[in-house]
Each structure stands twice: as C-alpha cells, then as structure tokens.
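Look for chain A in each of the two complexes below; its partner is chain B in the first and chain C in the second.
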Partner chain A sequence: MNDIGEFALLLALATALYGVVSYVMAFRSNRVDVYMSADKTPIIVWGCVMVSSVALWKAFLVNDFSLQYVWAYSNIDLDFFYKFSSFWGGQKGSLLFWTLILTTYMMVVHVQNRKQNVRLVPIALAVMMVITLFFLVLLNFSTNPFERLPVPPEDGRGLNPLLQNYWMVIHPPTLYLGYVGFTVPFAFATAALLTKNLDDGWIRLTRKWTLVSWFFLCMGNLFGAQWAYVELGWGGYWAWDPVENAAFMPLIVATAYLHSVMIQEKKDMMKVWNMSLVLLTFVMTIFGTFITRSGLIQSVHTFDEATLGYYFLGFLGVIIAFSISMILLRLPLLKSKNELDSFLSREASFLLNNLVLLGIAFSTFWGTIFPIVSEAFRGVKITVGPPFYNQVNVPIGMVLLALIGIGPVIAWRRSSWSNLKKNFTKPVLAAVIGAAVLFPFVPLTDKSEIFTYITFILCIFVMSSMLIEFRKGTGARMEAHGESPVSALSGMVWKNKSRYGGYIVHLGVVLIFAGIAGSQSYSTDVEKQLNIGDRFQLRGYDFTYEKLLVKEQNSTKTRVIAQLGIERDGKRVWTGLPEKEFYKGQNQPVTEVDLISTLKEDVYMILADFNPDNSSATIKVYVKPMVKWMWLGGWVIAFGTMIAVWPDRLEARRRTERLKRQEQIFMPAQE
Partner chain B sequence: MTGANFLQLILVVLILVAVGIPLFSRIPPKRLFKPLDPAEEEYKHLLVRKEEVLLAIKELEFDFKTDKISQPDFEALHHKLEEEAVGLLEKIDALEKQLKKKKKTAGAA
Partner chain C sequence: MKTMRTFMMMLAALLVLAGPATVWAASQLADLENALMCKCDDKCGKVLINCTCDTSKETRKTLTSKLESGLTVDQIIKQYVDKYGETVLSAPTKSGFNLSAWIMPFAALAIGGFGVRKVVQSWTRPVRTKKDADASGEESASAPPSGKFSKRLQDELDRLES
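So, the complex of A and B:
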C-alpha cells in the first residue's frame, strides 16, 4: 500500500502539471476537446491524493513503522483516535492533509461549475492546480511522507503528548479548512485579472466560499485557543505566539474583505481594494504556513522538522510579485465609476472598519516578523511579546468594537445627523446605564482595568444597538404584513439571511470581546505548596488538598493526580483532579489541568509540582471570569454563519438569470 | 512484475485513457466560448446593475421605515435611484434591440 501511496503522489503531480497546461491551452485555443480532457484532471488529482492519504492513514492504523513519518509520530499503544490524527501531527502528513483539502475543494469547484462560467473557471482551476502542484512538488521531492527507514523498528517514537488532546483532533482540520478555503477566492480573483472579466461575477461565485473559509478559520482559531487553555497549563488561551498570529492575520484581512466587498456589490466601486484584500488574504495564509515550516521563528506550534522555509519564501515571493503586477496591469479596468454618496453612510463606516482591521493585521504582522528583521539588521533576535500586541491592538480593537455597533445603525448611501442622533440615543443610553451599574462592581486601579471597563460599556452599546435593529426590523415587518412578532422576526431574518446572519455573527464577536476583557483583567491566582489536609481560599472557594494518586495507564503513561476538595459556602461543589502525565519515552511531563467552567468564571487548577516521598504538592489555581463567554461567542458565530450561508432563493434566481444570459458553452465552431 | 507494479500500471493506463479520450475521439469541432462581444458584455453588466439598483431601492425603503434616513434624504436618494434604474432600463432595451438585430443578421448570413 505504501508503494501505491507514494506512486499516487507522483501520478497526482504529473496529472496536475498536465491539468495546468491543458486548462490554459483550452482557454487560449478555445477548444472544447482540450477543455474536456483538462476537465478530468481535478478528479484524477483528488483521487490520487486520496489514495496516498488512505495509504498513510492505513500505515498509522496498522503500526507500519517502516515509514519514517509513522515511526516519528505514532507508537503501538497510541489510541486509535490519535493514530487517526497523527496524520497531521508532523510536517509531512500535514502537507499531505493540506493537499487533500485543496484538491477536494478543487473538485467541488469543478463540479459546481461544470459547463458554466467557462470564461473564468478554466483559468481559476489552472491557478488552483498550480498551487496544488507546488504542494505536490514538496511532497514528492522534499518532504515525502512515504520515506522508508532502512530497518523498521518494532515500535514508534509516539505522538507528542501535547497533541494527544481531542482539541488537537478538531483544531488543525478546522484551521486548514479555513486556510485552504481562501485559495478559491484567490484563484477566481486571479482568473478575473488574467481574463479581464473584472465585473463582480467572480465575487458572486466565491461569496459563500469566502464566508465558509472565514468561518472555519475563525473556529480554528477558537479551537486552538481552547487547546492552549486546557493543554498548555499556563492559565491562558492566547499568547500572541507567531504561529497564533499567522492564523489570526488572514482572519482579520478576510474580515475586512467580507465587509468591503458589500460596497462593490452595491455600488460597483472599490474594485482595486477588494482585489488587493483577496490576494492579501491568500498571501497571509501562505505566510502562516511559511512561519510554521521555516524554522525561523520558535513556537510551540512549529513543526519539529521545519525545513521548508526557502520553498515557501520563494512561493510567497512569486505570489506577491504576480499579484502586484497583475493589479497594476489591470488598473485602468479596475477603476470605479461611482463615488461615495456621503461620508455619513454605512459605506464610510465599512471603510473605517477596513482601516482599523488592517491596522490590527499590520501591527500583528510587524510584531511577528520583528525578531527576523532585528536579527537580519542588528544581529540580535528581539522577541516581541504580548505587551506590544496588547498595547497596540487593544485600543484599535476597542475602536473596532464601537464600529460593530455603529455600522448597522447608519443607512446605506446617506445618513443625517438628526437620524444618527435618533438612532444612537437608545444604545448610548443603555451604555450609560450599563456604565453606572457596573461602576461600583469593577475595579479601576490600572490602565488594563479601565480598558476592560470601557470594553464592557462598548459591548453593552453594541448589544443594544443590534437588539434595537432586530426590534425595529420586526416592527416594520409587523406593520407592513400584519404579522405576529415571532413570524415577523423569523420572516425578516429568513428574507435577509446575509444581513441578519451577519448581525448574529457580530453578537458572537461581542461575546468574545467581553470574554477576553473579563478573563484578562479580573483573573486571580494563587500558588501553594501543600501537605495532605492543607487548606487555602481563593475568591470564595475553599480548597483542601486531600491526596496524591499515582495511576498506570495502558503502559503508555503514568498519571500523578492531586485530589482537591472544593467547597463554596460550606458545600462541596467539585473534586479537583489536576495531574501530571509521564509518557513513555518522553522527557518532559505533561500538565493536565482540571476545570470548573461556568458562565460566571472558570476555576482552573494545575498540579505544578509534587514530591512522591511525602505526598506534598504545589498547586496553582486561577479564577478567571467569563472565559466561557468566548467559547459561547464561537457557537453564536457558527449559528450566524449558518444563517448567512443558507441557500437563498432570491440570490439563486439572480445567479441563474445571470448564467442564462451568459454565452452557451460548446458553441459549434462554424458559428 | 509485482502486484503493486501491476496496480501502478493499471492506474497510469486509466489516467491516460481518461484524459486521452476527449482528445482522440471524434468530437465535432466546437468552441468553448464565443469571442467577447463588447455589447453583450455591457448588456450583462447592465442587467446586474439593474438588479443591484432595484435591491438598493428596497433597502432604502427599509432604512426609511426603520428611521435610519430622513424624509428629504430618502426622497432625494429614492429619486436618484429611480432615475438610475430608468436610465439602466433604457440602455438595456436599446442594447437588447441591437443584439437581436445582430443575431438576425448573423442568422441570415
């Protein structure tokens, strides 16, 4: 099976190469026979990559340690669940996984557009094929997952214990679905530039791809934060680590694009800007991969064998040079015919939102590359830590939060001061009341706490502005159609899925902002060295260190567990079991935290150290308010996105009309 | 020849057949698409713009109902959008006639 898997990768490479040439030839020579031949390649390439992937999965499941990759990331005792996810545990497999998702997306694009959009699709597929080709070259000639060991060992080295967590099964695929998804808008944007089809056709074709990719990237970031929170055992979920930043930046640029593209759809303007944002989003996804695989920057998330820096740097250089030169070349065709009606309009607020988002993306980018820049120019690697990002991004983020509340209240095209006053009165009043109510309860002793207080006030402002939007829309519909409140609300959301789905997504973002602010500023912690029976208190919780347990599990690991009795108001509410796990063949123990998680706060317990001789233990406990709000925000975002991407009959009709009017495919040659 | 080699050979043959059939079978010579006609392109563009303007009118009315826009601004913008829609419809009509005429001439030729 390994031979077949390896050979299938070679076949995929050859077919992808043929696909690029034949799609371009079909387009240039305008020949159906060549197009029909080219059109077989997306399925063949996908099939070959799938065969390779199945071969690798099989090697993991049957413990085939003749493969260096399987030996390095698995062992006989590894759970089935983690054998499955070991596939993407290292660099080689993760690149194959990336290629599998990319070719799957390519096949879906191919199936979606069979015999339609023929002026754009062949070139878009050729672009996707070129990107696939790059990954296949790496897989075949530089980082082959089917590399054999001369003498197959009896057992493998095992998967990094930090990756043996269910979030690590979910987080990378989700993130990759987002990362790779942005290839589709990039391919269509490039095809539009190359073929000079620069109307908004490519935007409409890729709108849902962009939204779904954005959603996966967003959830991927949140899942990654949850993994860091429960697995790394430092009490946090986000450390502005370079690899975290690498996943964060495309999300931010794509968010800017999702907003500004609405202006192009509505007013046929900002074509250069939107084109640049789509290209930049894709560049950021490749930059993220470069960071993870270059070995230039150290992070807990980088791969052990990070050796592909030059390949990715070269690829990145080609994409950037190509994108800039194509935009410059097509500049006359990208000029807008329309202008903003007024600076007091939703379009203007979206422009401001774009600037703010790009500000966040740029500061994050600068902080990420600064160690490389400082080393190149001064010979000293200066690491940029959380204080820099917090100092720059927190104030910009607060402006962004305010804009989330302001945007929906302003009318498209033009608004007036009197209307703004009328529409902002209630949300501002709610914010003022909220500020007054919160004032006695929140500490305001330092800058961070003041920022948190302002963030809460802004959250109240945005929430009330959104809820008033829903109420007003429902009211208008009740008046117009004589409906009940429930049917008016559901009808309104159903008829304007993208608008109200978007508003729900914004509510999720507000919950995330609130969660971040609360958990960052009002966290308390204590570290105690305890003997059996010792007690301590933290924020109303009474902790008693009861015993130290040692458990052998599956001969793979030894678990050392500290048992804590937790009481509140004299009642036992939980038995805390933070632990350290010692994996066979691994030098460092892994910390497994225990957690009481409620909407109000998380009680986060870590076994920092222990002495088996006298059963003493060092316990660290954090009480972190509102962490759960962030995870809840993620689910609200998922719900909002589901509404926004739900098939819309009106939009489908408009697209069908549009396609009907497009030239028929396969015109007889004599016509 | 081992079983794996045989399977590899089969895979290669299958792929060659799949991509080769359209090239070597006798498909009647057809074009993938017509050459770009600027008038037709403009026509398509105007149809999309028309839909967008009609949608913008609907949204404007909704914004007015929800108190986001003042009466004078609403009237001015409504008038502007209506004029834009009428202008687009006139251009679409003219182009439609032009394109029909062109098709007839091409058909007769």
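So, the complex of A and C:
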C-alpha cells in the first residue's frame, strides 16, 4: 500500500502539470478537445492524492513503522482516535493533508462549474492546479511521507503528548479548511485579472467560498484557543505566539474584505482595493505556512523538521510579485467611478472598519517580524510577546468594537443627522444605563480594568444597536403583513439572509470580546502546597485535597491525579481531578486540567507538582469569569454564517438565467 | 469631516492610554513573570507567567528569593538582560531602535486614517443647492429637488434604509 501511495503522489504531480498546461492551452486556443481533456485532471489529481492519503492513514492504523513518518508520530499504544489525527501531527503528513483539502476544493469548484462560468473557471482551476503542483513537488521531492526506514523498528516514538487531545483532532483540520479555502477566491481573482473579466462576476462566484473559509478560519482559531486552554495548563487561551498570529492575520484581512466587498456589490466601487485584499489574504495564509515551516521565528507550534523555509519564501515571493504586477497591469481596467454621497454613510463607516482591521493585521504582522527586523538592523535578537500585542491591539480592537455597533445603523448612501440621532439614541442610552449599572460592581483599580469596563459598555452599545435593528425589522413586517412576532422575525431573517446572518455573526463577535475582557481582567488564582485533608478557599469555593492517585494507563503512559472535593455554600458541587501525564521518552509531563465551566465563571484546576512519597501536592486554581462567553460566541458565529451562506432560491434562479446567457455566448466560440 | 476628526481624537486618546508600560498584574512577582520569557532548554517560547515547565518553577523560586533579598523589579530585570540578552524580555524596550516596534502600528494607523480622510474627501460629491444650479445656468429640471419635496424624499429614504 505504501508503494501505491508513493506512486499516486507521483502520478498526481504529473497530472497536475498536464492540467496546468492543458487548461492554459485550452483557454488560449479556445479548443474544446483540449479543454475536455484538461477538465478531467482535477478529479484525477484529487483521486491520486486521496489514494495517497488513505495509504498513509492505513500505515498509521496498522502500525507500519517501516515508514519514518509513522515511526516518528505514532506508537502501538496510541489510541485509535489519535492514530487517525497523527496524520497531520508532523510536517510531511500535514502537507499531504493540506494538499488533500486543496484538491478536494479544486474538485468541488470543477464540479460546481462544469457547465457555467466558462470565462473564469478554466484559468481559476489552472491557478489552483499551480498551487497544488507546488505542494506536490514538496511532497515528492522534499518531504515525502512515504520515506522508509532501513530497518523497521518494533515500536514508534509516539505522538507529541500535547497533541493527544480531542481539540487537536478538530483544530488543525478546521484551520486548514479555512487556510486552504482562501485559495479559491485567490484563484478566481487571479483568473479575473488574467482574463480581464473584471466586473463583479468573480466576487459573486466566490462570495460563499470566502464566507465559508472565513468561518472555518475563525472556528479554527477558537478551537486552537480551546486546546491551549485545556491542554497547556497556564489558564490562558491565546499567547500571541507567531503561529497563532499567522492564523489570526488572514482572518482579519479577510474580515476587511468581506465588508469592503459589499461596497463593490452595491456601488461598483473599490475594485482595486477588494482585489488587493483578496490577494493579501492568500499571501497571509502562505506567510503563515512559511512561519510554521521555516523555523525562522521561534514558536511553540513550529514543526520539528522546519526545513521548508526557502521553498515557501520563494513561493511567497512569486505570489507577491505576481499579484502586484497583475494589479498594476490591470489598473486602468480596475478603475471604477468612486463616488460617495456623504461621509455620513455606511460606505464611509466600512472604510473606517477596513482601516482599523488592517491596523490590527499590520500591528500583528509587525510584532511577528520585528525580531527578524531587529536582528537584521541591530544584530540583536529580541522577543515580541503578549505584553506588546495587548498594549497595541487592545485599544485598536475597542475602536473596532465600537464600529461594529455604528456601521449597521448608518444608512447606505447618505445618512442625515436626524436619522443618526434617531438610530443612535436608544443604543447610546442603553450603553449609559449599562455603564451606570455596572459601575458599582466592577473594580477600576488599574488600566486593564478600565479597558474592560469600557469594553463592556461598548458591548452593551453594539448588542443593543443590533437588537434594535432586529426589533425594527420585525415590527415593520408585523405591521405590513400582520404576522406574529416569531414568523415576522424568521421571515425577515430568511428574506435577508446575508444581512441578518451578518448581524448574528456580529453578536457572536461581541460575546467573544466580552469573554476576553472579563476573563483577562477579573481572573483570580491561588497556588497551595497541600497535604491530604488540607483545605483552602477561593471566591466562595471550598477546596479539600482528598487523595493522590497513580494510574498506569498503558506501557507508555502513567497518570498522576489529585482528587479535590469542591464545595459551595456547604454543598459538594464537584470532584476535581487535575492530573499530570507522564509519557515514556518525554522530558516534560503533560498537564491535564479539570474544569467547572459555567456562563458566570470557570474554576480551572491544575496539578502543578506532587510528591509521591508523602502524597502531598501543589495545586493551582484559577477562577476566570466569562470564559464560556467566548466559546458561545463561536457557536453564535457558526449559526450566523450558516444563515448567511444558506442557498437562496432567488439567487439560484438568477444564476440559472446567467448560466443560460453565458452558454449562448460560449457556444459559438466552441464551433 | 467632524466624525472623522472625532474618530482621530478617539484614536489619539487610545494611543495615550496605551502608551506607558502597562502593568497587568498587581504583585511584583507577577510583574517579573510578565516581563520575562521562560529560558528553558526546550525553548518553549512562552512568557514566564504562562509557562508550567520545571525551568519556570525554578525561575519563579529564584525571582522570589531575589525580591526577598531586597532587589527591585527593575534591578532583577537588568540582571536577567545582562545574563541572557534582550531576548529574555517579553516585549521590546521603549527606547532606541525598539521604540519603532511600538510606534509603527499607530503611525501606520494615523497615516491610513489620513489616507482614508483624503479618499473620502475626494470621493464625496458636494451637495448641490438650488443656488448652485441657478448659478451654473442649468435647467431647473436637473437641479436637486428642494423645499418640502426634498425633505419628503429624504424622509422616505430614511424610512426605507432604517
């Protein structure tokens, strides 16, 4: 099976090469036979990569340690679940996984557009094929996952214990689905530039792809935060690590694009800007991959064998040079009649939103590369850690939060002062009341707490401005159609899926902001060295250290568990079981925290240290308010995105009509 | 442009708020843990306060004993910088070349804000009054509606768009 997997990779490479050449030839010569031939390559390439992936998965599941990659990332005792996820545990497999997702997307684009969008699709597929080709070259000639060991060992080295967590089964695929998904808008944007079809056709075609990719990247970031929270045992979820930043930057740039593209859809403006944002989003995804795989910047996430830096740097350089030169070349065609009716308009507020989003993306980028800049200019290595990002991005993020509330209540084209006054009075009033109600309850002793207080006020402002929008729309429908509140609300959302789906996403973002602010500022912790029977208190919880358990899970893993009895108001509410896991051959034990998680707060328990001789233990407990709000915000975002991308019958009908028109245009060319 | 000015003022206020070194934790040990990176053999790349490895535990003990011996936070940080170099600090210092790390994001934002303002100014159509139309000698049919019709039109648009 390994030979088949290896051969399939080689066949995929040859087919992808043929695909690129034949798509370009078909487009240039307008020959149907060449096009028909090229048209089979996305499926063949996908099939080959799938066969190769199945071969690698099988090698993991049957413990085939003749493969160096399987030996390095698995062992006999590894759970079935993690043998499956070991596939993307290292550099080679993760590159194959990336290629599998990319070719799957390519196949979906191919199948979706088999008989439509013939002006753009062949070139878009050719672009996707070129990107696939790059990854296939790496897989075949630089990091082959089917590399054999001269003598197959009896057991493997095992998967990094930190990756043996269910979030690590979910987080990387979600993140990759987002990362790789941005290849589709990039490919269509490039196709539009190459073929000079620079109307908003490519935008309409890729709108859902962009939204879905944005959603996956957003959820990927949140899942990663959840993994860090439960697995790394430091009570936090985001450390502004370079690799975290690499996943965060494309998300922010894509968010800017999703907003500014609405101006192009409504007013046919800002074509250069939108094109630049799409290209920049893709560049950021490749930059992220470069960081993870170059070893250039020190990070907890980088792969052990980070040797692909030069390949990705070269690829990144080519993409940047190509993107800039194509935009410059097509500048005369991209020029649009840019006209705003007023500064007091939603268009202008979106421009501010873009400025702030790109400000956050830039500061994150600047902080990420500053160690390299410092070394290049001063010869001194420095570190740019969380204090930098917190001080720079927190205030900018607060401006962004305010804009989330302001944007939707400003009318398109032109808003009058009376209109603004009417729309803003209630949200501002709600924020003022909220500020007054919160004031006695929130501490305001340092800058962090003041920022948090302002963030809460802004959250109330945004939340109320959104809810008023929903109430107004529902009220209008109830008045016009005599509907009940529920059917008016559902009817309104259903008729304007992208608008109200977007508002729901905003509500999710507000929850995330509130969760971050609350959990960062009002967290309390205590660390105690305890003997059995010792008690301590924290924020109304009574903890009793009951016993220390040692469990041999299997031949490679031993668990040491501290049992804590937790009482509140004299009643036992939980048995805390924080633990440390020791893996054979690993220097550091892995911390497994225990959690009581409610909407109000999380009680986060860590076994920091222990002495098996006298069963004493050092226990650290955090009480962190509102952490769950962030995870809840993620689900609200998921719900909003689902509404926004839900198929629209009217849009489908329009697409069919457009398709018919295009076929009429294309058919004579075939003859 | 008033809104733009307000936005820029808000931005400047936030910059001032963000300016000086923020102390996120109250205790001196927490200050040190926030200011220093963990220097373990695994090069974990974590800020000391976020690290749970054995080296970080040892470092915390050392820091506590240094504080108990009467050294100030700044003196301890200086000792660590002398030993490990600037890389031991969790954020760039706010002096010399490193100052550019702090200034650049806000400078970029200010330049971007200025650019957006210019762009919006150049894109915004001046509101034409009847007087302007009369002065340019255009026929009244092409002039924007005025008086009660203009108000009614605006009200209708407001109602539609709100």
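Here, the second predicted complex is superposed on the first by the 662 of 671 C-alpha atoms of A that agree within 3 Å, B and C clash if a C-alpha of one lies under 4 Å from a C-alpha of the other, contacts with A are read in each partner's own complex, and residues count from 1 in each chain.
Just so it is clear, contacts are C-beta pairs under 8 Å (C-beta built on N, C-alpha and C of every residue); 3 or more make two chains touch, one makes a residue touch a chain.
This one's a predicted model, so the numbers in the text were calculated from it and none came from an experiment.
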>> Which partner chains sit in contact with A:Lys472 here, chain B, chain C, both or neither? Use first/second/both/neither.
In response: both
>> Going by the contact rule set out at the top, does A:Leu352 touch chain B (first), chain C (second), both, or neither?
In response: second
> So, A:Gln112: does it touch chain B (first), chain C (second), both, or neither?
Replying inline: neither
>> I'd like to know which partner A:Asn611 touches here: chain B for first, chain C for second, both or neither.
In response: neither
> Taking the superposition as given, does A:Ser416 touch the first partner, chain B, the second, chain C, both, or neither?
Replying inline: both
>> Just to be sure I read the superposition right, which of the two partners does A:Thr575 touch: chain B = first, chain C = second, or both, or neither?
In response: neither
> After superposition on the shared chain, which partner residues are touched by A:Asp341: those of chain B (first), chain C (second), both, or neither?
Replying inline: both
>> Just checking: does A:Gln588 make contact with chain B only, chain C only, both, or neither of them? Give me first, second, both or neither.
In response: second
>> Please report the chain A residues shared by its interface with chain B and its interface with chain C.
In response: 341, 409, 411-416, 418-419, 422-423, 472
> chain B touches which residues of chain A in the complex?
Replying inline: 3-4, 7-8, 11, 15, 18, 22, 26-27, 30-38, 40-41, 44, 48, 118-119, 122, 199-201, 265-266, 268, 341, 409-416, 418-419, 422-423, 469, 472-473, 475-476, 479-480, 654, 657-658, 661-663, 665-669, 671
> For chain A, which residues count as touching chain C in their complex?
Replying inline: 232-234, 236, 239, 241, 269, 298-300, 338-344, 348, 351-352, 355-356, 358-359, 362-363, 366-367, 370, 374, 377-378, 380-388, 390-392, 394-396, 398-399, 402, 409, 411-416, 418-419, 422-423, 446-448, 451, 472, 587-588, 591, 606, 608-609
> Where on chain B is chain A touching in the complex?
Replying inline: 4, 7-8, 11-12, 15, 18-23, 27-34, 40, 43-45, 47-49, 51-52, 55-56, 59-60, 62-63, 65-70, 73, 76-77
>> Under the definition above, what is the set of chain C residues touching chain A in their complex?
In response: 1, 3-4, 7, 10-11, 14-15, 17-18, 21-24, 26, 34-35, 37, 42-47, 49-54, 57, 85-92, 97-98, 101-102, 104-106, 108-109, 112-113, 116, 119-120, 123-125, 154, 157-158, 161-162
